[in-house]
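Each chain carries a letter (A, B, C and D) given by its place in the written order, and its residues are counted from 1.
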Amino acid sequence: MSDINRQIIACNIADMLEDGMFVNLGVGIPTLISNYISYGKTVLLHGENGCIGQDKVLDNDKLLYDRKEITEWLASHGGKDSDWRRGHRDLNNAGDSFITMIPGASCFDSAMSFAMARGGRLDATVLGGLQIDKYGNLANWMVPGKMINGMGGAMDLVCGAKKVIVAMEHCSKSGAPKIVEECSLPLTAVACVDVVVTELCVMEHKDNKYLVKSISPNTSPDEILSKTEATVVFDTEVKTMRIPPA
Amino acid sequence: MSDINRQIIACNIADMLEDGMFVNLGVGIPTLISNYISYGKTVLLHGENGCIGQDKVLDNDKLLYDRKEITEWLASHGGKDSDWRRGHRDLNNAGDSFITMIPGASCFDSAMSFAMARGGRLDATVLGGLQIDKYGNLANWMVPGKMINGMGGAMDLVCGAKKVIVAMEHCSKSGAPKIVEECSLPLTAVACVDVVVTELCVMEHKDNKYLVKSISPNTSPDEILSKTEATVVFDTEVKTMRIPPA
Amino acid sequence: MNKIINLKEAVDLIHSGDTVMVGGFTYFGCPLHLLYELADREVDNLTIISEDLGYGGLPYLQGAGVLINNGQVKEAQVSFIGYYPEITEAVKDERLKLTLIPQGTLAERIRAGGSGLGGFYTPVGVGTVVEEGKEIKIINNKKYLLEYPLRADVALIKCKTADHLGNAAFKYTAENFNPLMAMAADLVILETEELVENGAIEPDSVDLPGVFVDKIVLCKDVVI
Amino acid sequence: MNKIINLKEAVDLIHSGDTVMVGGFTYFGCPLHLLYELADREVDNLTIISEDLGYGGLPYLQGAGVLINNGQVKEAQVSFIGYYPEITEAVKDERLKLTLIPQGTLAERIRAGGSGLGGFYTPVGVGTVVEEGKEIKIINNKKYLLEYPLRADVALIKCKTADHLGNAAFKYTAENFNPLMAMAADLVILETEELVENGAIEPDSVDLPGVFVDKIVLCKDVVI
């Protein structure tokens, strides 16, 4: 997926998140969302590996792929003067990046982490999708015959969240619709999708249809209709999606 | 029950507890046991209200029944310089006494407290009894028609402990046997009794019988037989119970 | 996102007919300021879920029992009562519907309610009056009872230290049912002895994440 | 009551055919010293229960995957693998029986195993492949799956600080599955970065009470 498409999706989801909301951001596009949360708004980010209150993701591409670098970093980020403010070798997010946390963050075990996911306190969970369908079913964890991956926490996270937001490109790399009549890939959960945000539009799932709430200035209703297999309807007043500066 | 009977029962149970054992002591006679645990032996005491490692029970009879006294105590036992070593207004045992704790104690919530009780790590639970029967059934929480009390944690504690030890006087106040053919009072749990310790003897429950392991120097096998309704057998070598100094 | 309100505003949020969870194990960890304020209101027909109903033998340590003595409670689900003759009377006179629940089952049912589970199988209560009316299942040759989750409209909980996000730290055995109940209620009101800045409670020392707490009431003085 | 042993003595306690729970979320909180020592032994036919099998893309962050690459594992029950081609190959070649479990269900099943419960109902996995072969129950008009507890012969867990009784404190997100697994195994071996005197960890800061820990191994150096 092109980087600009990913950024469009991320910034439009960020605009949906309100001050004080408790949100889980999955791996992939959702990790970009925190860059677009406007200043002064506190969104409490849940890491299903056991924390609430992620602040910055430490840039650790270099860190992780250079053995000398990571060894030194680990040694210098575990002592008494190292903590959640500057990063610690025992502090990651569910995407396995080292992170820092906001004042007021908390850590806990995995049973507690998923108890709160299923329990209904999570305002939203945002995750990627391979396919979604007219029933609101989501498939995002497995392509038969491809490399085995595992569902991780995705099935749990969509089960209890008040709102499930799918962040994905509108079509697959080969151009096939990903918003289909009925998912052909193995499901993550049934009837769970509330909102889908693609580079073309923002749609709410309702009554076996997708209702377009806003569209990109770079597309048209016809393009959306032609690229969507499930039934699409347009809201009485369709808004314009925000396009972030390149 | 006479105080000497209570002390006999408590000291003989204390002798069964080994170094490192993890044990829950119920209210009543079991609370006296910690006085008899020999020096150098660390028995880790579980308080089902949420702690492991009770040390001393603070003498709070006077404390609790004098309003001025308790108000002053609470005010002076909650600040920064007050802790588990000297007692704290937020530190009690399941019998609602203020306590101190040993170095290496821990506190936790009620779900965790009973998870560990049911989970099988508790080496022993010691609790009082109204009746026990040949099946190893225990009744200790309710007498129909009398004041409502509640089972508290008793039903949970006997469910997972490796050994259930019942500490009770051999007969009721009216002289009726408490070790019966079949309990007439509402049960706490079925087939849970492993050992019963009375002022007359220590017996193990096995194959619908009670096997006498030791007897008090103040009684005889005949007395035990006459005061027990369930079948009693005597071990090949019956030991003598310890009688504490008055 | 301001969660801090005063005692009167907090208790205004509790309504007649509500199911109310009350944290604490007798005096320890019990939100007494909230309870005593509630006892002064004309709010009734409450269902109380609590470990106990307070330390009834002592007039100045009443806990949730004060609401029962006031006739504000129609139903109570607890594990233990202890010496509390007024409650036995209220039950006999059918002024109070009382359900007794084994303490560990009560804790686990509340945890299930907060965890989105549909129920669980426990061996506790098999062969006793607790078994009555419950589904029994044999799993690996052992009998278990099916127990269902418990939830409430409101949870009244008490901690030692809280920050402005509602992150709470409990002290010693005053933790007990408090964090569990905070996870299992639609509205969670936290009574705290101290209020500190965000970040003053270390992430590892937070016993209850603030996302579970809706309202915070600072009550510094010790009451009994 | 001396629980402290060295690394070699600890790994001597693990036998071929054992079911072994391994704490950690990839690198974080993973008992790498114990794992790497186990990888040097002639112990095989293991069943591994773990959140994941390590961070396979990086040769120096292998986690439990090192045991699989060694052919020591016959079966694995995990939630996530990530980029780990060797494991896909091992499954295709039927050298490894792999069961994938939703992460929250995995955590809850281990907790149930440690808590003496017979099972629980969860909505997670309904209508997916996870449902296959499982009992379904409708509770309050919602579908739930019955999930059973998990236990192990041995749990290998890792903490930041431990005392001589085995009381353990985890740091930040390195807690994850560690305390849960410690409750659900017959033999619990704790790898700790620091060993302190009893009482040095405050009672409120103990994440895992020492009663769950059988053996303690002090491993001060950081490995990856």
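Criterion: contacts are C-beta pairs under 8 Å (C-beta built on N, C-alpha and C of every residue); 3 or more make two chains touch, one makes a residue touch a chain.
None of the values given here were measured: they were computed from a predicted structure.
Minimum number of contact steps separating subunit C from subunit D: 1. In terms of C-beta pairs in contact, the better-connected of the chain pairs B-D and A-D is A-D. Put simply, the chain farthest from subunit B by mean CA position is A.
Chain centres here are Cα averages; for subunit A and subunit C they lie 35 Å apart. As a whole-number value, the distance joining the C-alpha centres of subunit B and subunit C reads 27 Å. Shared contact sites, meaning residues of subunit A that touch two or more other chains, fall at 51, 84, 107-108, 114-115, 117-118, 159-160. Within subunit C, residues 108, 111, 115-117, 122-123, 170-172, 203-204, 207 each touch two or more of the remaining chains. Taken as a contact graph, the chains fit none of the simple arrangements: neither line, ring, star nor complete graph. Going by the touch rule set out above, the chain pairs that meet are A-C, A-D, B-C, B-D, C-D. Subunit B makes touch with subunit C in their complex at residues 47-51, 64-65, 67, 70-71, 74-75, 78, 84, 88-94, 96, 107-111, 113-115, 117-118, 137, 147-157, 159-160, 186-191. The touching residues of subunit B, when paired with subunit D in their complex, are 19-20, 22, 42, 44, 51-53, 84, 101-108, 114-121, 159-160. Across the interface of their complex, subunit A is touched by residues 25-29, 51-52, 55, 58, 60-61, 78-85, 87-88, 91, 98, 100, 102-108, 110-111, 122-130, 160, 170-180, 193, 207, 222, 224 of subunit D. For subunit D in complex with subunit C, the residues that touch the partner chain are 108, 112, 115-123, 137, 139-140, 142, 144, 148, 169-172, 203-205, 207. Residues 1, 111, 114-117, 163-165, 167, 183-184, 197-204, 206, 209-212 of subunit C touch subunit A in their complex.
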